[in-house]
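Questions regarding the structure given below will be posed in turn.
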Amino acid sequence: MTETTTWTRHHVLSLADFSPREYDTVLQTAASFREVLSRRTKKVPALQGQVVANLFFEPSTRTRSSFELAAKRLSSDTLNFAPGTSSLTKGETILDTAKTYWAMGANIMVIRHRQSGVPGAIAQAMDHLQAGVKVLNAGDGLHEHPSQALLDLFTLCSLIDFEAPRLHCLAGKKIAIVGDILHSRVARSNIWSLSAAGADVHLAAPPTLLPSLFAEMGQVTLHWELAPALQGADFIMALRLQKERMTQNLLPSLREYHQQFGITRDRLQLCHPDVKILHPGPVNRGVELSSDLMDDPRLSLINQQVTSGVAIRMALLYLLAFPTGSPVL
Amino acid sequence: MTETTTWTRHHVLSLADFSPREYDTVLQTAASFREVLSRRTKKVPALQGQVVANLFFEPSTRTRSSFELAAKRLSSDTLNFAPGTSSLTKGETILDTAKTYWAMGANIMVIRHRQSGVPGAIAQAMDHLQAGVKVLNAGDGLHEHPSQALLDLFTLCSLIDFEAPRLHCLAGKKIAIVGDILHSRVARSNIWSLSAAGADVHLAAPPTLLPSLFAEMGQVTLHWELAPALQGADFIMALRLQKERMTQNLLPSLREYHQQFGITRDRLQLCHPDVKILHPGPVNRGVELSSDLMDDPRLSLINQQVTSGVAIRMALLYLLAFPTGSPVL
Amino acid sequence: MTETTTWTRHHVLSLADFSPREYDTVLQTAASFREVLSRRTKKVPALQGQVVANLFFEPSTRTRSSFELAAKRLSSDTLNFAPGTSSLTKGETILDTAKTYWAMGANIMVIRHRQSGVPGAIAQAMDHLQAGVKVLNAGDGLHEHPSQALLDLFTLCSLIDFEAPRLHCLAGKKIAIVGDILHSRVARSNIWSLSAAGADVHLAAPPTLLPSLFAEMGQVTLHWELAPALQGADFIMALRLQKERMTQNLLPSLREYHQQFGITRDRLQLCHPDVKILHPGPVNRGVELSSDLMDDPRLSLINQQVTSGVAIRMALLYLLAFPTGSPVL
């Protein structure tokens, strides 16, 4: 790793104001860690003696495990907060919980909460206390999920330039984001990053799941049917459909959703011949994607996304811990 | 450690096809790790940078803790999957969960599931993907629990030859397996290993818990009463009785079970004078065993079994990670 | 660290019989670890290869995390027992669970249980087995919570003499313990330590939460109203109020409790001008303390208590592991 000296951000809460240079620093750092992960001993001592607290107020398997593994591979100590058995049931506020982990010695807090803005509020409180604690948003309500969008970006850019994945790799690429965009923090973060990359972003969903206000988020094109979004697409990003949406009368049935917006082999005929499919997981097989597409390694990038996740999260933890770079790698 | 070069197995799913040479390699490797565990610093760097994922879809304390400690003492990083807070509740398939952990970087998966065959199905999927992931069955339904039978074997053989525990140590020894054999994956795995050792295996249980088809598993003798199984026995292996069996009308009452099949000091008169008792735990005191026998260190091998478990699991993880041996120890 | 050679205690279960020399050894050792925690790499290899088992039969976030972090910073391996998914639901006794962790290789057991005396019973069983296992009481029923009282002591003494915190620092200081004393193991442990220090201890609570038998615990003064306890106080220790107490008819309402016994800025006029406030957390804001006091760094020692907790728990784990001192630090 040669130069990561441009990093000045204390917290990663949103991609709305990420600069191209920041995107590139993250991508470049993640590429360095991908090289580490290809070694026999996939560990570096960079964060030894530092404490990463995973405060997942909303349950999670894959994101929590990914951050935990990233933290362990940087040799940090990790603390996991389990909401079920916690003081929250005793009436403590979320901010008091965060302050407790700070006082215990946490250096970085990775926070997921079902309410938008909680990681931001904790970051603000930590700054106000001059605590020196760094906050990473691991998904907050319907707001953002920055590390997911960054791992998507890393996956896509690496496909185009494995050695030097950079934001500009995606300029002009047509990317269709399909599914429950209204309720997706993944979609929101991806719209920021893909717009910043100069990609041609198309959103497709039933009108109940894609209000027209999304047009205001940037240079995106909205579709209330699937075909025009797929037409010539280089990449399709399918979003997870929460089954709860049906009971909320936002969807008639999963079967009908699949008939109108499910990604199937037939519909790929519309896309660029080398089209690839992403999904943040976990997938409802036969709803968002037909099962055979998910398992086709020529089409699905889902496993690469998971692998990218560890490298991206190592990069984010590392950059927050060592904003001006470090000789450790 | 001099020679462990005979190991070629990629997964440990069942003992049905274990060769005598494989048993001896496991016993020999576990004996080496027992020596490590007697040192002041009970750790070796063998699996540093590797990831052991404990995927316990069925809850467990002792087996999970034992595998976790074994993995930590080999210096690997561990990831624990908690079914309660997992994506399984979000409708993801078990195979997709396993693929996610593979893509994250897991090298070895330790899998428990209440359905028989799940670890095998995951192993097959991993091989099909050429993932290089090794799978260890930590108990699947009524099928097998190989690491438990191997730790039982290690405990028994070590009693006979502590320095060089080998499979043939048990040739001709009479071993009575007593209890709910029908529902016991522990019994099934032990029948394979003890038969391979040339032990004289006797099974004893009420007819509802010991169907005659068990006679087909190998050279075992079935008894629907306790006395002939205990007659001259060198070892008694009591099995845990699930209290649910009573509501299923397979058992009249725990008291009646204890009267007919409970191991008591009186009944030990029938056995070899040096008889020892094993139990995979957790014990229902006063049901499978009278409480005083369990606490008598001259009779009970229960604590030795737990201790053996860590050495055996270190051996299994090590052999899967380094099939052709390694200079690390 | 020069001399810690006076430590002979095998378990820390209660402060009732702690000697002044023991208090000072703990304080001195914790001060050494505070120095370690101020370094860039906040880790020492002291307990490498040793196993600390956190057996929290009663759920806990802050105490468990604090012990876990202390153990990790001493480089030990940690095992966490999760009551929800445990063999306890399978009918195993608590002592059998503890024996299993011993047989697995646990060197130190940190135990919390809602029943008084459980850690003591486990310690006794371990001694009887000559297991060499050390037991740390992390809170048992209404009995004691020694590490909490020791971290309170360390916080207070460090305020008076940061470099050399010693028991005698608190001689003659007036300390008011306010709240649900009847149900507080924190209060019980603090009464022992503060009395040993020669502090002037005053207890204040409604009569239902402060039976007169507390007068027998040592040189303490009881008050059924707040004002005389606060009069000239150097320190106020507010206790957590369990909301369940109201349904038990021990309290009229939280609002009435706050009116009579809540610590507010007005009431601090009664105290010494430099008065400081402690609370073991989690705080019910607006009940035990008014919210603004809790967030005022000139008044509240709550964050220092949490920070002290890690140093005190490192000290306790270290002293139990190396009773006659060690050259490791």
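The first chain written gets the first letter, and so on, giving A, B and C; residue counts start at 1 in each chain.
The rule is simple: a residue touches a chain if its C-beta (ideal position, glycine included) is under 8 Å from a C-beta of that chain, and two chains touch if they have at least 3 such contacts.
Being a predicted model, the structure only gives us computed values, none of them experimental.
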item	value
Degree value of the rotation bringing subunit A onto subunit C, based on Cα positions, nearest 5	120
Same-residue or different-residue interface between subunit B and subunit C, half as cut-off	different
Centroid spacing, where centroids are CA-atom means, of subunit B and subunit C in whole angstrom	40
Subunit A residues counted as touching two or more neighbouring chains	82, 84
Sites on subunit C touched by subunit B in the complex	48-51, 77, 79, 81-82, 84-87, 90-93, 96-97, 99-105
Contact set on subunit C toward subunit A in their complex	37, 39-43, 59-62, 65-66, 68-69, 72-73, 82, 84, 240, 243, 281-285, 302-307, 309-310
